[in-house]
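Dropping the structures in below, format is C-alpha cells.
Okay, so chain A shows up in both of these, paired with chain B first and chain C after.
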Partner chain A sequence: MLEVVSDSAEEWKTVAQAISTLIEEATFVATPEGLNLRAMDPSHIALIDLRWPNTAFDKYSCDQNYTLTVRVDDLLKVLKRADSKDRVELKLNEDNTLELTLRNGYERNFTIHLVEAQYSQTPLPKVTFNITARLKSTIVRQILEDIKTISDHVAIKAEQGKLTLSGKSESGKVSVVVSKDNPELEELNVKDPGEATYSIDYLSNFSKSMGAADSLALSFSSKMPIKLEFPLGKKGGNVQFYLAPRVD
Partner chain B sequence: MPLIKRRRVSQHVGVDLGPLVKGRHIISLEELNQKVLAIDAYNSLYQFLTIIRGEGGEPLMDSHGNITSHLSGLFYRTVNIMEKGAKPLYIFDGKPPELKEREIVRRSQLKKNAESMMYEAISRGDTEAARRFASMSSRLTESMVSDAKSLLSCMGLPWVQAPSEGEAEAAYLTSKGVAWATVSQDYDSLLFGSPRLVRNLTISGRRKLPRKDVYVNIVPELVILNEVLKEIELTREQLIDVAILLGTDFNREGFKGIGHSRALNFIKKYGRLEGIVELQSELAGLDYQSIRHIFLEPSVTDIDPPVWKATDKDAVVKFLCDEHDFSRERVVSALERISLPSTSQSLEKWF
Partner chain C sequence: MHKALSLFAPGESQHIVKTISAELCLRCRFAKLLCGRPVCPILLKLDAYNNVSRILSKEVSGDTPPAAFVGTSGYPNVSVGPLLPPLHGDTRIYDEPELWYGLGFQEIVNLRTFMVRGKERYNVNDANQAKGLLYDLQISNLAIRPVSAEMVFSKQPSSTAHFDDDSPPFGPSAWLKKYRLNSQNSDRRLEYVFYDRDLGSTEGIITLYTKGISVNSIQRLLSVGMLGRKRRLVPTRWSITAVDDAISKWLLERVKQNTTIDDFRVFIKDYLGSRYVIIMLPFQFSFEWIEAWYPKTTFNPSTSEVYSIGDFEGQRGRKSYAAPGGCYYSVRLAVSEYLDSIRRQAAVIALREIYPGQILPLGVWNVREAIRHALKSSYKSFDSIESSVNFALSNLRMGERFWRSNSRILRQFMLQNSLDMFIT
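Moving on, here comes the complex of A and B:
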C-alpha cells in the first residue's frame, strides 16, 4: 500500500519539471522512509538524484518497497493542471495505475498508467569538490541566459573571492563576474582554484525547474563534473543534479 | 555506362540469425555519446551502395562517371552519429578466409547475372525491376574502398585494417573493451564473440521495402550477446553450430531442409554437430571444424589506441566537392554540425 499526500502541489510540480529536463520515463522508488529517484539522461551526461523523506509529506503511508515508473510527460500534464495551493494525493492502485487527486474546494481525480520499468541502479559520480558556492537562483538563471546569447557552453572559473562565467563562439564572447561584494553570491569556498566547461542547455533547463527554492548550491573542480543542489520544500526534501564537463 | 576496372574483394552476407535473436533494445543515438563503435566498413559501404540510388536504380556518380553512393552514405551517416558524440572506428576487411572463396565466386556470378538483367530491364523500360537488379549488382571495388579510407582520414577518424574478416576484428576490439559495441547489419559479430552489437545505426531513417512502394522506419537497436544466449539457452559454441546448420559465409548452402527451429532443436537435443544422428552423412561431407575455428579463433590483431582528430574541413570539401561533385552547400552545412564545440563527456567516467 502506498499513499502520499502533500498539502501543496508546488513541490510535485518542481519534481516533475526537474526530471522532465532529462528523462522521458521516471522510476520512483518508494520505501517506508520516503520517495527517491535517481536517473541519468540517455547520453549519460547528466544525473538527477531526488531524495524526499517521509517527513516532507502531510501523510506518507508505505508498507514495503515499491518501484513505480511513469511517463514523465503524463505526470507533468496532470501537475500542470494543479494550482500551487492544491493539495495532492497520490495513490498506487493494485491494477498498476497511479491515482492523482487534486483538491482545492472540489476534487479532481486522474488515473495514469504505469509503464514497465527499464530500471537499473545508477551510482553517484565520485568527485572531490574543491570549489563550493551558494548563489541566488534568480542570478544563476540570469547569467545563464546572458551567456546563452553567444554560446552553447559555459566556462566556470573560480578564484579566491570571485566566480567568472564565460562563453564564446564564432559570433563573439561574453563573460560575467560575480564577486563576494555581490549579495547574490551568498557563499564561496575555493580550496583550489579551477575552471571547467559545461553544456549550457542542461544547466539552464535545470535551473529553471527549481520552483520556489531561492538559492542554489554549486560544487565543482577543475575539469570535473559539477553538482547543483537545491532544497525541495522546507521539510527535508532535496534535489541534486550532476553534469559532466565538456570534452576539452 | 563505363565499366569500372575492378578486383574481387570479399563481401558480406552473413548468417541469418535474425529469428533467433530475441530481446532487442531500441536505442537512441544520444545513448552513444562518447562511445567507441567498431563499424564493419564493408558491410556499411555495401548498404550505402545498395540503398543510395537514383529513381531509375542508378548509383550516384560524379562527372567522371565514378560511383559515389558509398561516399555519400559514409559521409552523411557518419556525421549523424558524430553529431551525437559517438566515436566511429571503421574496420576494413583484409584477406578473406580460404573457405570463403567459393562463396565469393558464387556472389560474383550472381552480381553479373543481376547486371545483365538490369540492362535488359532498362531496355524494356521497367524501372522498378531495373532498380531491383541494380541494387543486387552492387559491387565494392578497391578504388571505392580506398576513397572511403581517404574520406575518413580527412574527417579525422581512425580506421583499422583487419588481417582477415572485419567483423571478427570488430568483435575482438569490442571484447577487449577498445570499442563499446560492434556495428553491422549482420549477426556474425555475435558468433565472433562481440558482447554488444548495434544494428540499423548507419541506415536508420525511412527506408523503402524491396519490391513494395512502402516505406518503414528503421530505428537503431542494441543486441546483447549474453542475453541472446540466455534466451535460447545455448553457449556461443553451440550458437556457431546452429549457424553452420543454417549456412554461413563459409558453407552458404547450409543443410537441406533445416530452418531456424530445426537447427535450434538439433543442437539443444544433441549438444553439438557431432551428435546429430540424423545428419551424419551430410556432416561427413563438410569441414565444419574449420568453420568453427574461423569463428572461435579468427585472425585478428591488436591495435594502437585509436585517436579521433579534428575534421579537416578544407580537405573534406576538396575531396567531396572538387573531386566528386558533391553539393558544396550540403557538405559545408553537414560539416558545421560536427564542428560545434566538442560534446560533453559521460558521467560514467566518474563512477
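Moving on, here comes the complex of A and C:
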C-alpha cells in the first residue's frame, strides 16, 4: 500500500519539470523512508537524483518497497492542471495504475497507467569536488541566458574569491564575473582553482525547473562533472543534477 | 560566375537563373516557386531538353505496371490517372524504384518518359466513394501483375517530361476520354486492406509493409485514396513522404528498445553522381541527414559555392517537417530498416555529397535505394569515435572541417564526455 499526500502541488510540479528535462519515463522508488528517483538521460550525459524523505509529506504511508514507472509527460499534464496551492494525493492502485487527486475547493481525480519497466539502480559519478559555491537561482538563470546569446556551452572558472562564466563561438564571446562582493554569490569555497566546460542547454533547462527554490549549490572540479543541487520545499527534500563536462 | 545548368546552350538563359540564390532553389525544389516566377526556369529547360520527338497518338494500349499519378496543382481538385507504356508484357519495372538500383540517369528517364499518363480531374474527397475512372484506377491498383489497358485521349499527348525532387520523373500526359481495363488477378494482401473500411491509413500502411508490399506500391495505394477510414486522394509527392514517415516511425519505436551496436561503423556508397557516407555510433538512437550540393547541380545551378542543408532528430523524434524535405524521411526509413534487421540501435549520421554530374532530380527513391544498398554492403568497423569519424570524413571531398561544423550529432558526441567515464 502506498499513499502520499502533499499540501502543495508546487513541489510535485518542480519534480515533474526537473525530470522531464532528461527522461521520458521515470521510475520512482518508494520505500517506507521516502520517495526517490535516480536516472540518467539516454545519452548518458546528465543524471538526476531526487531524494524526498517521508517527513517532507503531509501524510506518507508505505508498507514495503515499490517501483513505479510513469510517462513523465502524463504526470506533467496532470500536474499542469494543479494550482500551486492544491493539495495532491497520490495512491498506487492494485491494477497498476496511479491515482492522483487534486483538491482545492473541488476535487479532481486522475488515474494514469504505469509503464512496465525494468529497473536497475544507477550509480552516482565518483567525483571529488574542489570547488563549491552557492548562488541565488535568479542570477544563475540570468547568466546562462546571457551566455546563451553567443554560445551553446559555458566555461566555468573558479579562483579565490570569484567565479568567471564565459562562452565563445564563431560569432563572438561573452564573460560574466561574479565575485564575493556580489550579494548573489552567497558562498564560495575554492580548495583548488579550476575550470571546466558544460553544455548550456542542460544547465539552463535544469535551472529553469527549480521552482520556488531561491538558491542553488554548485560543485565541480577541473574537467570533471558538475553537480547542481537545490532543496525541494522546506522539509528535507532535495534534487541533485550531475552533468558530464565537454571535451576541451 | 559559373554557367548555370550544363543543359543550357552557351549564352542562353543564364539570366533566368543568375539572380536566384542556390539557397532558395535548394529549399524550393520546384515545388513552391519561391523565386516568384510562374514556372520554374530550371524545369522549363529540362522540359525542352526532354522534348524528344515521339510518335504519340490519341489512343494508347499497353500494360499498366500498375502505375498512377496524383498531381498537386489545383488542390483539392487534382488531376489523377493511370500510366502505361505502349507495350504489353511484364512492365513492372516501369514503376518500381526498387528494381532501378544500378540503372543510370538516362535509362531511368527513358523508362519513365516512355509511359503515357492519362488524367482526369477529381476532388480529393471523391476517393471515398470512387466512381468512373477513379474506381477503375483503384481496382487496377490491386493487381498482382501488370494489367492490360487502353486509354483514349481528347487530344494527342504533348511530349514533355516532368521532374520532381520527391517523385520519379513522368512523361507525356493528356486528358482522358476513355479508360478500358482488362481483367486482372488481385493481390489478396492489397484487397484485405482496401476492403477494410475500419482500418486507419497508418495501420493500413504498416499492414501492407509487414506483408512485404513495396514502399512504392503502398505509396501508390495511399495516393489514389485506397487506405484509411475516410479516403482521400493524396498527391503523389506527399504520399511518398507520408509513407516513408509512417513506416520509419513504426520501425523506430521498436529500434529504440534495442541495445546499441558495439562498434563504430562506416558505410560508403556511390550512386548517380552522389557519394553517401553513413556513420553509426554505439549510442541511443538519433539521426541526422545532411546533403551538400556542389555548384552546377540540380538545386545549386547558379553559384560557385557548395550549399548544404540538413536536419536531425534525437531519441524523442521530431514534430516539425525536416528542412531537407522528403529525402530526410526516405533516408530515415532505410536506416530504421537496417537497425531493425540487426535488432540494435545507434546514433546515425548520413551524409551525401552531390557532385556536378547530378543534373536531374529523380525523386527520393534514389536516395532511399542508395542508402538501402549502402547498408546491405560491407562496412568498416572501428573501436573509437575519432577513428571512425576520421575515416568517414576522409572519404568525402568537402573535408573534415566542413562536416564537423555542419553535423550537430558529430559536434555533440565529439565534444561531450559521457558520465559513464566518471562512474566506475
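The rule is short, and it goes like this: the second predicted complex is superposed on the first by the 247 of 248 C-alpha atoms of A that agree within 3 Å, B and C clash if a C-alpha of one lies under 4 Å from a C-alpha of the other, contacts with A are read in each partner's own complex, and residues count from 1 in each chain.
To be clear about the criterion, a residue touches a chain if its C-beta (ideal position, glycine included) is under 8 Å from a C-beta of that chain, and two chains touch if they have at least 3 such contacts.
As the structure is a prediction and not an experimental result, all values here were calculated from the model.
Chemist: Should the pairing of chain B and chain C on chain A count as a clash or a fit in the superposition?
Modeler: clash
Chemist: Now for A:125: first (chain B), second (chain C), both, or neither, which partner does it touch?
Modeler: both
Chemist: Touching A:107, do we find chain B (first), chain C (second), both, or neither?
Modeler: Once the two structures are laid over each other on A, A:107 reaches no partner at all.
Chemist: I'd like to know which partner A:47 touches here: chain B for first, chain C for second, both or neither.
Modeler: A:47 sits against chain B and chain C alike.
Chemist: Classify the contacts of A:192 with the two partner chains as first (chain B alone), second (chain C alone), both, or neither.
Modeler: neither
Chemist: Could you say whether A:214 touches chain B, chain C, both of them, or neither, answering first, second, both or neither?
Modeler: Neither partner.
Chemist: Could you name the one stretch of chain C listed in 8-16, 62-70 or 98-106 that collides with chain B in the superposition?
Modeler: The segment of chain C occupying space taken by chain B is 98-106.
Chemist: Intersection of chain A residues contacting chain B with those contacting chain C?
Modeler: 40, 42-47, 123, 125-127, 153, 199, 224-225, 242-247
Chemist: Per the contact definition, I'd like the list of chain A residues that touch chain B in the complex.
Modeler: Residues 40-47, 123, 125-127, 151-153, 169, 198-199, 224-225, 242-248 of chain A touch chain B in their complex.
Chemist: In their shared complex, at which residues does chain C touch chain A?
Modeler: Residues in contact with chain A: 283-284, 286, 315-316, 412, 414-424.
Chemist: So in the complex, the part of chain B that touches chain A is made up of which residues?
Modeler: Going through chain B, the ones touching chain A are 28, 30-31, 33-34, 84-85, 340-351.
Chemist: In the complex formed with chain C, which residues of chain A make contact?
Modeler: 24, 40, 42-47, 123-127, 153, 199, 224-225, 242-247
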